[in-house]
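Encoded as structure tokens, the structure appears first; notes follow it.
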Amino acid sequence: NKLWGGRFEQTVTDKVEKFTESISFDKELYKHDIMGSKAHASMLAKQGLIGESDRDSILKGLDEIQRNIEAGEFEWREDREDVHMNIEAALTEMIGEPAKKLHTARSRNDQVLTDFKLWCRDAIDRIVASIKNLQVALVKLALNNEGLIVPGYTHLQRAQPVLLPHLLLAYVEQLERDAGRLLDCKVRMNFCPLGACALAGTGLPIDRFMTSDALGFTAPMRNSIDAVSDRDFVLEFLSANSITAIHLSRLGEEWVLWASEEFGFITPSDSVSTGSSIMPQKKNPDPMELVRGKSARVIGDLVTLLTLCKGLPLAYNRDLQEDKEPVFDSIKTVVGMLEVSAEFAQNITFNQERIQKSLPAGHLDATTLADYLGLPFRTAHEIVGTCVHLCVSRNLRLEDLTLDDLKRISPAFHQDVYEYLGVENAINKFRSYGSTGAACVAKQLDYWVTKFGISKN
Amino acid sequence: NKLWGGRFEQTVTDKVEKFTESISFDKELYKHDIMGSKAHASMLAKQGLIGESDRDSILKGLDEIQRNIEAGEFEWREDREDVHMNIEAALTEMIGEPAKKLHTARSRNDQVLTDFKLWCRDAIDRIVASIKNLQVALVKLALNNEGLIVPGYTHLQRAQPVLLPHLLLAYVEQLERDAGRLLDCKVRMNFCPLGACALAGTGLPIDRFMTSDALGFTAPMRNSIDAVSDRDFVLEFLSANSITAIHLSRLGEEWVLWASEEFGFITPSDSVSTGSSIMPQKKNPDPMELVRGKSARVIGDLVTLLTLCKGLPLAYNRDLQEDKEPVFDSIKTVVGMLEVSAEFAQNITFNQERIQKSLPAGHLDATTLADYLGLPFRTAHEIVGTCVHLCVSRNLRLEDLTLDDLKRISPAFHQDVYEYLGVENAINKFRSYGSTGAACVAKQLDYWVTKFGISKN
Amino acid sequence: NKLWGGRFEQTVTDKVEKFTESISFDKELYKHDIMGSKAHASMLAKQGLIGESDRDSILKGLDEIQRNIEAGEFEWREDREDVHMNIEAALTEMIGEPAKKLHTARSRNDQVLTDFKLWCRDAIDRIVASIKNLQVALVKLALNNEGLIVPGYTHLQRAQPVLLPHLLLAYVEQLERDAGRLLDCKVRMNFCPLGACALAGTGLPIDRFMTSDALGFTAPMRNSIDAVSDRDFVLEFLSANSITAIHLSRLGEEWVLWASEEFGFITPSDSVSTGSSIMPQKKNPDPMELVRGKSARVIGDLVTLLTLCKGLPLAYNRDLQEDKEPVFDSIKTVVGMLEVSAEFAQNITFNQERIQKSLPAGHLDATTLADYLGLPFRTAHEIVGTCVHLCVSRNLRLEDLTLDDLKRISPAFHQDVYEYLGVENAINKFRSYGSTGAACVAKQLDYWVTKFGISKN
Amino acid sequence: NKLWGGRFEQTVTDKVEKFTESISFDKELYKHDIMGSKAHASMLAKQGLIGESDRDSILKGLDEIQRNIEAGEFEWREDREDVHMNIEAALTEMIGEPAKKLHTARSRNDQVLTDFKLWCRDAIDRIVASIKNLQVALVKLALNNEGLIVPGYTHLQRAQPVLLPHLLLAYVEQLERDAGRLLDCKVRMNFCPLGACALAGTGLPIDRFMTSDALGFTAPMRNSIDAVSDRDFVLEFLSANSITAIHLSRLGEEWVLWASEEFGFITPSDSVSTGSSIMPQKKNPDPMELVRGKSARVIGDLVTLLTLCKGLPLAYNRDLQEDKEPVFDSIKTVVGMLEVSAEFAQNITFNQERIQKSLPAGHLDATTLADYLGLPFRTAHEIVGTCVHLCVSRNLRLEDLTLDDLKRISPAFHQDVYEYLGVENAINKFRSYGSTGAACVAKQLDYWVTKFGISKN
């Protein structure tokens, strides 16, 4: 007694039913399915394809079903396969004959895509909000630590001194592009498949523009075969998520490093740390480890979806039912990663004293020294390299070298060289646009503070 | 009030708790966790680290907990993080003081790996059994269609005639290697991590050989750091699953093709087909489409796990908690794919008449004809190519060419050529080991029938 | 004697040199590296950081080097590591002292990203042009086959009749979104990293807006750490490529099916087919098989790049040198896939007669029949399902059923039902926006013809 | 004038030729192709399918061609598509008529798989040797640093003290399983496809056992369709490589951490370090960064191959030509990673003094202290957690607490507690099998020293 059972003599076996059902996960779409069905019913009535009282029964019935679902009183049945059939069958039980008219000029093929796009549109808004939330947390963290100099790294070797806010704003920039990518994706996906029916459209006089408008789409999709067969909108969505996840994995790695005994830059509060079942002293930065780790499943979800779509002929194939779980998982994971990163950001303290004490290590001022020389850069580089070599062999800082030491290496050194040495001096020299110079960073910080409407106190 | 809370002043925030919990999925391990704890407790008692009555309380309590879980009466608590802490805490509530001794000389790091390996060992057995089940279904299908000639394809173009059993046994061969791969994986993983503790072992006089034996492992792992940090056993497991999934995706593709109107080789029964919500005539081979499609998530799961492990320093990192869901999903999916494929195999009929009618198309006998000529093969190939070209231009079969036609192309053709033309003649010529010749295929079929103990009637 | 050798006593071992070199692949960037260096030198001169005659020597020298490279006369040296050092060292050999000033206020970190973005910008233009080229080929194929009805499929089962142009335009729609995705990517990436230097900017008075403008960027990147450490622009690029590749893999699959003996929809010309080394009759649609297959490496390239970036702390890490090969491979592959698909499209003939002969199979008119009934759709679906069941048991088409047959199933059938049966009738009924109705398809076709400026004769 | 051109009127277009050629990469197989052809020719002669003088000409010609290739004098022609056709055509030019007989009872389908398996077999031997080489380097490093205590980490937080050799041997264990996995793969792949021909075998009286033996295979493959269509042997191979690559990425991460200013555990020699183009002081551990990074492409190669094979129907499809590049790339990359890791291991010095100075940080003795208490472990854990809390608030080590301090927390502490505190004391307590206890580690080290025949001086 499937709703499509007319030509069938046997029902499917239990194993096949279990293997092919999607209700266990696609019920997630219930709200958008009902939204779509309401728009569809209203359009059918407007076009005279169903009566107005039928429409009213349907709308009322669907509202009732939504209430039931949200109250946890709806019985989801596996033998009804999916969210669409569950709701349609329940509607039929509730209001009888009119329900049987709802699926006029509609197939599950266009219905599910309408639902899924509506769901994804909301999901994008949710992620974009979470991105902003994390950006704000990072900007506030930057505000709270203005002026704090930390070592900047390349190859995880100390490179040049940077202001902590400068470094934190690098993540804010990345996240801003992440949001832009998602919004582009939303614009591109926001065309309505409803009315494409199975794959070819219909001969019934439907009005696709009406349903498209009612559901907030830009316009109906132009080609019915394209409408039911392509999944590029979720491929693009999960790609964008993967890039965000990669960004967060890097933040995770960095903060795990910073929380280590060896770096010792930050102390996370107890409220974002966990302990060990055996080692009583342990206090681990688990949330950021999991942020790093969970990036893997976001990538795995994308690979699943790409592999799924590879090599399928037009139009709809049942394989595509497998498109939902990776999308649901990807969104849930990324939102969690963003939220927890923001919470972590709000619960760390920078160990300013310890950081400052460590700054002399690593010759962070070497490049500034090369710039000081005013020689052809390759020559300057070679000279400073020799100075560093001397420091390493004597276990000194560059600023510990005497002017004699320096002059022996190059006559281009003069007394004013000491205004360029040491981390504070070095950082004070930066002035290029986008650099870690204090004025540049202050301007960047202002930009974001204003953009996000953050109060500075 | 976490079990590790001694040094902490605050508990974790709700969001962090929700983000870091694993109980929602790792409760799947409960049986193996209890099994491991029982072996551990027995060993602790034997070594005098806990008393015998403590041990007895623990064993009894754990049995009780297992019964509760299996009766659905156990309360899994998210604030207790994972399956290990849930069971230990419940045991403490149940039996008090002795429970607090259970975690002696043990960390969750070695505990979870012991549980996970035990679980995987069982899972491998389950998959290997499902593989055999599908192999048997394929062999039976071959038996039921002995002698049926079908077109063999390369490039999805008709190539040479083959016996259907020969083709079905190709999948049986693939599956046999799949099982072998899993069994190798099981041998390699079957070393016991228990007693590695956090990462360094312990100073307490435990007996790791005793627990290893009790749990059916080959031996304890030799290096405690390796024991808690590596996940290669699941990487290997999911790799093996991915290969199986690829094999099944190819079977799925093939059977979807065969069920199409255009190929028309098989008719699946209604019990393994589903219909359309809009198109009343549709009868779709959904299970095999989903077999094909679900291969994607098995690959996605592997990618998740590989990406997860990439670049993590020793030893345990919290990222690794993410190792379980992809494994659970991969196993569940592959078992489903295998079972449903077997069920599908049991519910299809080969349309012998239609297949036979289509055999003359595609010049399946061309290669046999080239062999017939007895000329240097390149020359023979060229000659038969010319014959085919003639057939294409006149819309004929090779056997429709007259001896004059043939002789005009090459004097090497004689009257006996017609014993080599036509699909039946062509297939009768095959005789090389492993070929599609009737005798060879019969021998292969016998091999599998005997191996699986299949009754031929 | 590396250019960075000042502080070093030993040079690297041969194995390390070989393992870490990038010149074997990054010489691909030579043109953009020179372009970037010229803009940089001009800016340095304008800002007074180098003299005008130094600038002129540098510009002239770089032009000379470009000519040498393009004439195949440049010696790429592995011991000079990468394209940047090769060109700088050659310039030094050529013009001496001034060359040593070129690297003022610049690091390879910002240099390589400038080069790479310039390269990617060009690559996007190249792909977008290839996309349009394929779209045009598909539209022309549609124009040449206006009015040709083919079976539309879902689940690879015959579903409803569609016009071939409608189906071909589905791919045109997909490709249009593909191009849009790339152009969005280009807009987002088009910000200039030059001047970010190693990671922190510089204290020298450079003008980043000048170089940004000279190189056609929208603006300099705002944050120097972000500038040198992020690779999201290539992640987004390869994601877009992967989606395009997926689309093409589906086209490949479809055309391989269509070229099979069983479907027989198309005949590719000899000029896009290849033969077999053993089977003289074979003519295989290899290009489209490879289009399908090569999608795999495009996905693999994306996975490489995602995995590469996962978990790297700020700012630059040497791992990132591995970003180039997957990008080069992805672009080359996708361009090849697009070009060959277009060429294939130009070299196939639709077998109109054979297609038409096959149309009665599969009850393609069943949904039209359900719409005809004007009953609640679920009821109509059930009735037509029963009609189909009758046809299957008697091996008839729906139009072969007598009015009596039909009326026995439902009194809602009347004589005019026969105006709805048969594929021609069925297709004539379609009229919804975006449907396969002749008028709708003609409008779509016109849209693309006009957009691409295709002449209709 | 392709060798398969008999039925064709046109040759392929330039673009198609370029897109479909494989000679640019499959010439890598030349040696194994010649080896296979020689065995095949000898078998054909033995079976009377070609004459003995033909055989002799062929063998001599093939040897000559191999010499030409190895002397760099062979002209590889793209219009001859692949390595097989290039060699066969060159042989024909060289020896004439006999060459045309070589392809008797053979197709490129079985030929390429024979070549590829022979190549992979050698590649496995090469990787296994490189694995052993790295293991030896690690064992020697362990020998040179016996007794060196380093902090063991979980969550990158200091956990317990471990002996450096113990930690290094964890990698040796992983690598040992990696080698085992490859050897299992080799056993499973070592069955000969030659004689499967296009897909169906042949009617000619070939002896597949003879060629299988001559080429060192275990036996001929049992099923000709399986033989030409499956690629599971390379999927398994690349899976094994991916796991090895993951292991090496972890080693890479760890050594990059250790080389940082903050950890400061190791100093790599100049010969395995590189500098910066702008920062004169930089000395970067690039080889290990690239080892970490290159793991990404090994995973990408696997994904390419899995995606490639997904959903292909039997038997051979041209997509499968794409199987070679990812395999070649994966092997080359993994061998490079292994070799460079070994070289790096030979060129680092452990900074023993600095490590030792840092050991008191992180309360590495906390777990030993909990064991000391002899209380139910949960209680002991709680008590020591309280001690740690006290230390953190007062910035003390556990051994700095007075007995009074301790007794206030628990009466279970006595004077002998100080024999358990401090890193040296802590490490001396370990004694469980596989633990970091000195005796256990010595035994492990002996095991490997003996196994690899390493001389201890």
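Each chain carries a letter (A, B, C and D) given by its place in the written order, and its residues are counted from 1.
We take it that a residue touches a chain if its C-beta (ideal position, glycine included) is under 8 Å from a C-beta of that chain, and two chains touch if they have at least 3 such contacts.
All of these numbers come straight from a predicted model, not from anything done at the bench.
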Joint neighbours of subunit D and subunit A, given as chain labels: B, C
Of B-C and A-C, pair with higher C-beta contact tally: A-C
Euclidean distance of C-alpha centroids - subunit B vs subunit C, Å: 33
Subunit A and subunit C, separation of their C-alpha mean positions in angstrom: 24
For subunit A, residues contacting two or more additional chains: 3-9, 103, 109, 153-156, 159-160, 197-198, 257, 275-284, 286, 289, 292, 295-296, 299, 302-303, 306-307, 310-312, 317-318, 367, 381-385, 388
Residue ranges of subunit A touching subunit B (in the complex, touch as defined): 2-13, 15-16, 18-20, 81, 84-85, 103, 106-109, 111, 197-198, 269-284, 286-287, 289-290, 292-297, 299-308, 317-322, 325-326, 336, 339-340, 343, 347
Subunit A-facing residues of subunit C, complex: 3-9, 92, 97-105, 109, 152-156, 159-162, 166-167, 169-171, 173-174, 177-178, 180-181, 184, 188, 195-206, 208-209, 220-230, 232, 235-236, 239-240, 242-243, 246-247, 249-250, 252-254, 257, 292, 295-296, 299, 302-303, 306-307, 309-318, 367-368, 371, 376-379, 381-386, 388-389, 392, 429-437, 440, 444, 447
Of subunit D, residues touching subunit A in the complex: 151, 153-160, 256-257, 259-264, 275-286, 289, 303, 306-307, 310-312, 358, 361-363, 366-367, 369-370, 381-385, 387-388
